[in-house]
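Next, two complexes with subunit A in common: one pairs it with subunit B, the other with subunit C.
Take a look at the complex of A and B:
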């Protein structure tokens, strides 16, 4: 429960990392993987890369700015539960969208 | 058992101060519970009044009392007010707030000021909703489906949604407080498996509040964003209206368990106390609460079988919906097994508990009908659905809430309620409830759709029965309201433990002092040690057990080894 003192250096570095990832997100958005790669459906790589960057940014914020990295296992459990519940929301919602066209 | 009269010299949490300021700025969880009690009672009668007007309108097939626009507004008020401003905060806000710290031997909640903030958010949300009613109301129903709430909105939908949004944060803060309190504030010796089941079910409820409510808030925000021209739900802008239903039901199916899990907790306390028995299968009942909290998030698509949702997704949602009957069934069977061969004491709270078990079972089983896709297509959006969820929410939650209010009334107020009147109104409510809602199963199965103010002639007889039942039910609710108010001044003073109950909350005075206990209690046994209590004394009105039968339960016959 004791407040963990994090050196300001760490916050600055995390902030710098977030800014780099932010620039990366914008830059990647201008790259069209469908044109670069020979197989069809390569456009999905754009989405995957964008999501990966977004998740790493969220992880940095949760771990450092929200102090989860320095917290008890119980806090970890609740933080992970939040992520799992988001995954439930996305997975079951997409189970509708991805299977709608099966029945024609 | 101590029969010493209430000490009038030591101040209790009620008598310590009585200025308006001392109430509005209190951080005492017990006073906040009373604030919730007063405010949810107010909203109960607002939502109930809308129901009265609807039942009057439905007495005949024609439009006599209100026109269709007004009827749309009535059922929206009824749903929004009674779900978000009565059922969701009812048991957690009143009984949960009052009892959780006392039951675990704590002085208060982990975050007392956050607890007060939760009540203010509830009140602000409620005032916004009342405002939206006054400036024209909403006609979408409590579900706020797009495009009624977005493209074709022609009423104060958005104001009402903002009220629900604000009240949602009240719910999140309550949940957060319950979880942290249960983790950090337990008295020495109060291990997890000595916790009353009331605590377990509120813990499970709190998890749902925290994990589900933000999604409702996001869905409401998205409707707001769409009104600024961003396409989310409107196909003309590249959106999908069914996405709203996904987000809405991701919260609103689990919200059913926000309403009914606390009721399970109340029933576990009532059934053990008035059967004088340890709960049958403690760990199963506790684990069932958590299982319901998790499984409840995997079934929301059963509301969307006819929406255009993929049939394959519907199959998955249907199957998972069936599995959630298992933990609910465990609870019902374990309460029944607890009552079996118990020394049943038929007080008002126990009558409500019996009512709950029967009505919740009917509501649950008809829920399985609706989880089956083929039957749901037939009865979707009919009165069958209305009857089903009223058996859960009114037959379940409201019954448990009233049972709990009667059970803990002596603890909360220091006064006894009049038993004769209470038994009479419990029976009146049970009869009125069934007469109101059972005919709705029939008329729904025959095909009468919900949300219409007129209907074909052949449905009239069943609708008259339903309206007659609603009149009995409405009068039934006025009785407890009246005699409980009366008892505040005239009721006999309550002892610390009028029910001879085993829980920790009965060890302190009635009403408790501000910090609940004179000194922090040391817990040495679980909350259901009734075998120990009941051997010492006999209470009036309780039958004696047949000697020689009880040990059979405790000691299973020994297997002879060959």
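Take a look at the complex of A and C:
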């Protein structure tokens, strides 16, 4: 076989993990960190946790459903290149908008 | 080697090289897709950072239940897609066809729910670029929330979910054309690469939604 056959139980475990993270992200959205924690701006914890869960889910899908875990180094490079270019897009754009008020 | 020669295109040395080339080709395409959607998420981040209260206000008007159900539907469709690839690799053509059709059905279910959501918004007079039917609650207006800030969230919402829905439609078309061939016993075993790389595309569209869901439906709920 030129393609790696991933066992069904791996798919099932990954799916179970995805569903757990899915329920978790909905539940966390209702937790009011601003009232639970003493410092101002604690509400951003909701967004940080939501994004951490989203990246974890994406990583599970990429590694197992998209077979990257079992793929060649070159496939890894392509996948990582996507993440790097997205990071450049975000970092350069946001470093502009997030610092404009420093001038005023 | 007769089965191999029928699957192997003449410009490749062997099946492994052919499989690698197909996989990398799809990944290169998906990277461009990632940056395509990435631009929308970057725009979202900039404007949400500028007017966080307006985005949270608009988000609360999305249907959380339908969004949650749709997220579950898409996650299940990713599982059935993975199982279709698995069945095709093992030359189980009936199972592969069934899982492909199941994936298309789940995709159709997602799009029907999405249409219901759009329908609710349209009857409220909310559509891309609309502003006249957006009513900002007085306590938020006092904090400087403008109707056009709220409208911007909806513009991002309709553009991102609309493009996502278009990608799903294309994916469903591809999966149907695969199912027609797997039903005839084609695309099995060594020839399953087409099912596999179409699967890569389908999973990518699922990943986009994995980020759309928390960023559009789950903000401002506390």
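We adopt the following convention: the second predicted complex is superposed on the first by the 103 of 104 C-alpha atoms of A that agree within 3 Å, B and C clash if a C-alpha of one lies under 4 Å from a C-alpha of the other, contacts with A are read in each partner's own complex, and residues count from 1 in each chain.
One rule holds for everything that comes next: a residue touches a chain if its C-beta (ideal position, glycine included) is under 8 Å from a C-beta of that chain, and two chains touch if they have at least 3 such contacts.
If you're wondering where the values come from, they're calculated on a predicted model, not measured in any experiment.
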Superpose on subunit A as described above, then tell me if subunit B and subunit C fit or clash. clash
Name the contact category of A:37: first (subunit B only), second (subunit C only), both, or neither. neither
Among the partners subunit B and subunit C, which is in contact with a greater number of residues of subunit A? C
Contacts for A:99 in the overlay, against subunit B (first) and subunit C (second): which applies, first, second, both or neither? first
Looking at A:81 after the superposition, I want to know if it touches subunit B, subunit C, both of them or none. Which is it: first, second, both, neither? both
Classify the contacts of A:90 with the two partner chains as first (subunit B alone), second (subunit C alone), both, or neither. second
Would you check which partner chain A:61 touches, where first means subunit B only, second means subunit C only, and both and neither mean what they say? second
Check the residue A:19 against both partner chains and state whether it touches subunit B (first), subunit C (second), both, or neither. second
Under the stated touch criterion, which partner chain does A:52 make contact with: subunit B (first), subunit C (second), both, or neither? neither
Pick from 221-229, 293-301 or 509-517: which stretch of subunit B gets in the way of subunit C? 221-229
Subunit A residues contacted in one complex by subunit B, in the other by subunit C: 74, 81-82, 85, 89, 93, 97-98
Parts of subunit A lying in touch with subunit B, wherever the complex brings them together: 74, 81-82, 85, 88-89, 92-93, 95-100, 102-103
Touching residues on subunit B, where the partner in the complex is subunit A: 183, 207, 211, 215, 242-243, 246-247, 250, 297-298, 300-301, 304, 309-313, 316-317
Per the contact definition, I'd like the list of subunit A residues that touch subunit C in the complex. 1-3, 5-6, 8, 11-12, 15, 18-19, 22, 25-26, 29-35, 43, 46-47, 50-51, 53-54, 57-58, 61-62, 64-67, 71-72, 74-75, 78-79, 81-82, 85-86, 89-90, 93-94, 97-98
In the complex, subunit C residues that touch subunit A: 14-16, 18-20, 23-24, 27-28, 30-31, 34-35, 38-39, 41-42, 45-46, 49-50, 68, 71-72, 75-76, 78-79, 81-83, 86, 89-90, 189-190, 192-193, 196, 199-200, 203-204, 206-207, 210-211, 213-215, 218-219, 221-222
